[in-house]
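Each remark here refers to the structure printed beneath this line.
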Amino acid sequence: MGEDTSAIVLRGVAKRFGHLTALQGIDLDVPVGVTLALFGPNGAGKTTLLRLISTLGKPTSGRMAILGTDTLNAPEQVRSQIGLISHQTLLYEDLTARENLVFYGRMYGLKDTADCARAALDAVGLLDRQHDRVRTFSRGMKQRLTIARATLHRPSILLLDEPFTGLDASARTLLSRMLEGLRQQGRTIVLVTHDLQQGLALSDRFAILNRGRIVAQRTSADVTFSDLETLYETAIQKGR
Amino acid sequence: MPPFFRHVFAILWKDLKTEARTKERLSAMCFFAFLVLLIFNFAFRPGSTVMQSAAPGIFWISVTFAGLFGLTRSFALERQNDCLMGLLLTPADRGAIYLGKTLANLLTMIFMETLLLPLLAVFLNIALWAHLFRLLLPLFLGTLGFAAVGTLFAAMSMNTRLQEALLPMLTLPVLVPALLAGVESFQAILSGAPFSEVVPWIKLAGAFAVLFVTACLLLFDYVVEE
Amino acid sequence: MKTRPYLWSFGLGLLALVGMLIAPYMALVYADVETQMLLAQKIMYFHVPSAFAAYAGFFLVFVFSILYLWRRDKRWDIWASCSAELGVLFCTLVLLTGPLWAKPIWGAWWVWDTRLTLTLVLWLIYVAYLMLRSYSEDPQQSAKFRAVLGIIGFLDVPLVHYAVKLWRTHHPNVVFQERMGLPPDMLTALLFCGMTFLVLFAAILIKRVSLELARDELDYLQAEIQDRKTILGQVSEE
């Protein structure tokens, strides 16, 4: 597809579930190292889009390339470069924090799983609780462990589906700081969020989705928060 | 070790570790199997020869009920916190996920069976010890066939409205050859029949296991992908 | 209305009708009365052809399931589901006529003979297939599940057959006796009825699939209309 500097490329992507069209005519270009925020009302297709990018589902039509690889042919290759944080923690409650990370480390084929796990736990401040079962963790701690899990294999693309929902203040700060750090490391980030302000602050670009289509795309630096609010309202009105 | 097998063992280790820690699935399975065994005892007159000749059937029915329960728990584990999605996000081959889960189910069931056999010997008054060695192969093959088909269908039934209630309806008809092989081979061995009578059943159980481990391995992809 | 399937099902239906009118003559008059089992044996001319149709149905489920998983075209799933439906129907006929045959001959409703037991197991597998259709939440996922079951179920058939046959040889039932070879007139009658049932199966299948395809198209058009309505509604608002 020729876009060598693009981490994620979607061309004319559509996703249908039977007669229901969740996404259509999606054209998206996310260069390497860029953070894209995705805004939109419920049911707009944001989660579906994220799942497509994470190779969990295949597009019904259109083409998609992640890091230059056409995902239809070789999705396994790109999976090791993608990390996903969603509403669910994806953690095994009866294993310890360390065991969860060691498991995922093995599944991602990391060479030094024990060291990676240790480093990841340290980064989220859970090293002292590494031998405790996840079941005993608070929601904030689980979210921190989820972040550790998603970044364990050092993916170059990070996908986040409304990660700030339900977080306590300290976890929010930690997540914002981590995202900043990841941005500086040059990772590509796609962030789905309802929080327009936070999304705008954390992103380089944003797109607004409504009823399965991208209705607006802008560079974040060019837009103030009130502009964004107006833009969002108009985009939603048009689609109704 | 090729990555496929590394993933299989990682999943196997995870399932067994979880089980070793909580013991909830295993204890429920064993208890369930024992209950079924007891109830069948009450269906027959105590000490009657009918009960002894029905012993293989009673054993395999108990194993079936407990096994079905264990299978649904196996995927309930992955449903919690959407962990299945976590597995699908990894570069692991879906077949590796299937095989890891199947082996975990197999080992759990075999563990339960080793506890059940002595109970069978005690309650139904069978001389099990003398034949124990010869029972191992059909036991293993029958359980493997059960785990192979059951794991695939458990993944399926968890996604339906009826959930675990659909599992026996899907699995049992398909398992008929394996169950017949299990019961008949046990019957032949326990009654002291010559080995030539047992061989066809063992071959059937083996063919079943090989065919369905392969088929389910290939088809699992279609069951879990979106 | 698409004419080609209509012509096929009309043509086959006509053929089946003619066949079904002749079949009783073939079964009752043309073929001789069997010496041992007398008139009750005549059920065979409907029992065995039903089995042909049922097995044909299940084989088709297998083929269409593979095609569906390979091509992901919804139409293959529709063909598979309809074949399964008809397969279960004819299978039920086999299971109903079997005891009707067995009772006067062998004095028991069910004698666990090899073929009937195999048919019973198949019936259970394909009823589970139909249940998967009823109890699934997501139609696309349901189609995939059914295709998988359709393949596994069919792969099981030879194993079930072998298992039941082996079981019967180990536990021979004194009452029951294996079916022997057929004299030519009975064979002709049987083959005629067999062909008729297969044609009947095909005719009903095509009709059923057309109905299902039409229903699917209707759903699609209704969804389209709904979509267009909302868009028009917005335009008129502005």
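Each chain gets a letter, A, B and C, in the order it is written, and its residues are counted from 1.
Going forward, contacts are C-beta pairs under 8 Å (C-beta built on N, C-alpha and C of every residue); 3 or more make two chains touch, one makes a residue touch a chain.
Treat the numbers as computed from the prediction; the structure is a model and nothing was measured.
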item: Chain nearest the overall C-alpha centroid of the shown protein atoms; value: B
item: Chain pair with more C-beta contacts, A-C versus A-B; value: A-B
item: Interchain centroid distance [CA atoms averaged], chain B/chain C, Å; value: 31
item: Chain A-chain B separation of Cα centroids, rounded to whole Å; value: 39
item: Interchain centroid distance [CA atoms averaged], chain A/chain C, Å; value: 48
item: Set of chain C residues in contact with two or more other chains; value: 138
item: Chain B, residues touching no fewer than two other chains; value: none
item: Contact footprint of chain C on chain A as seen in their complex; value: 17-20, 238, 240
item: Complex interface listing, chain A residues touching chain B; value: 51, 54-58, 76-77, 79-80, 82, 84, 86, 88-95, 99, 103-104, 106-109, 133, 149
item: Chain B - residues contacting chain C, complex; value: 149, 152, 156, 159-162, 166, 169-170, 172-174, 176-177, 180-181, 184, 197, 200-201, 204, 207-208, 211-212, 215-216, 219, 222-223
item: Contact set on chain B toward chain A in their complex; value: 3, 6-7, 10-11, 13-14, 17-18, 21-22, 77, 80-83, 85-93, 225-226
item: Sites on chain C touched by chain B in the complex; value: 69, 121-122, 124-125, 127-128, 131-132, 135-138, 141-142, 144-145, 147-149, 151-153, 155-156, 159-160, 162-164, 166-167, 170
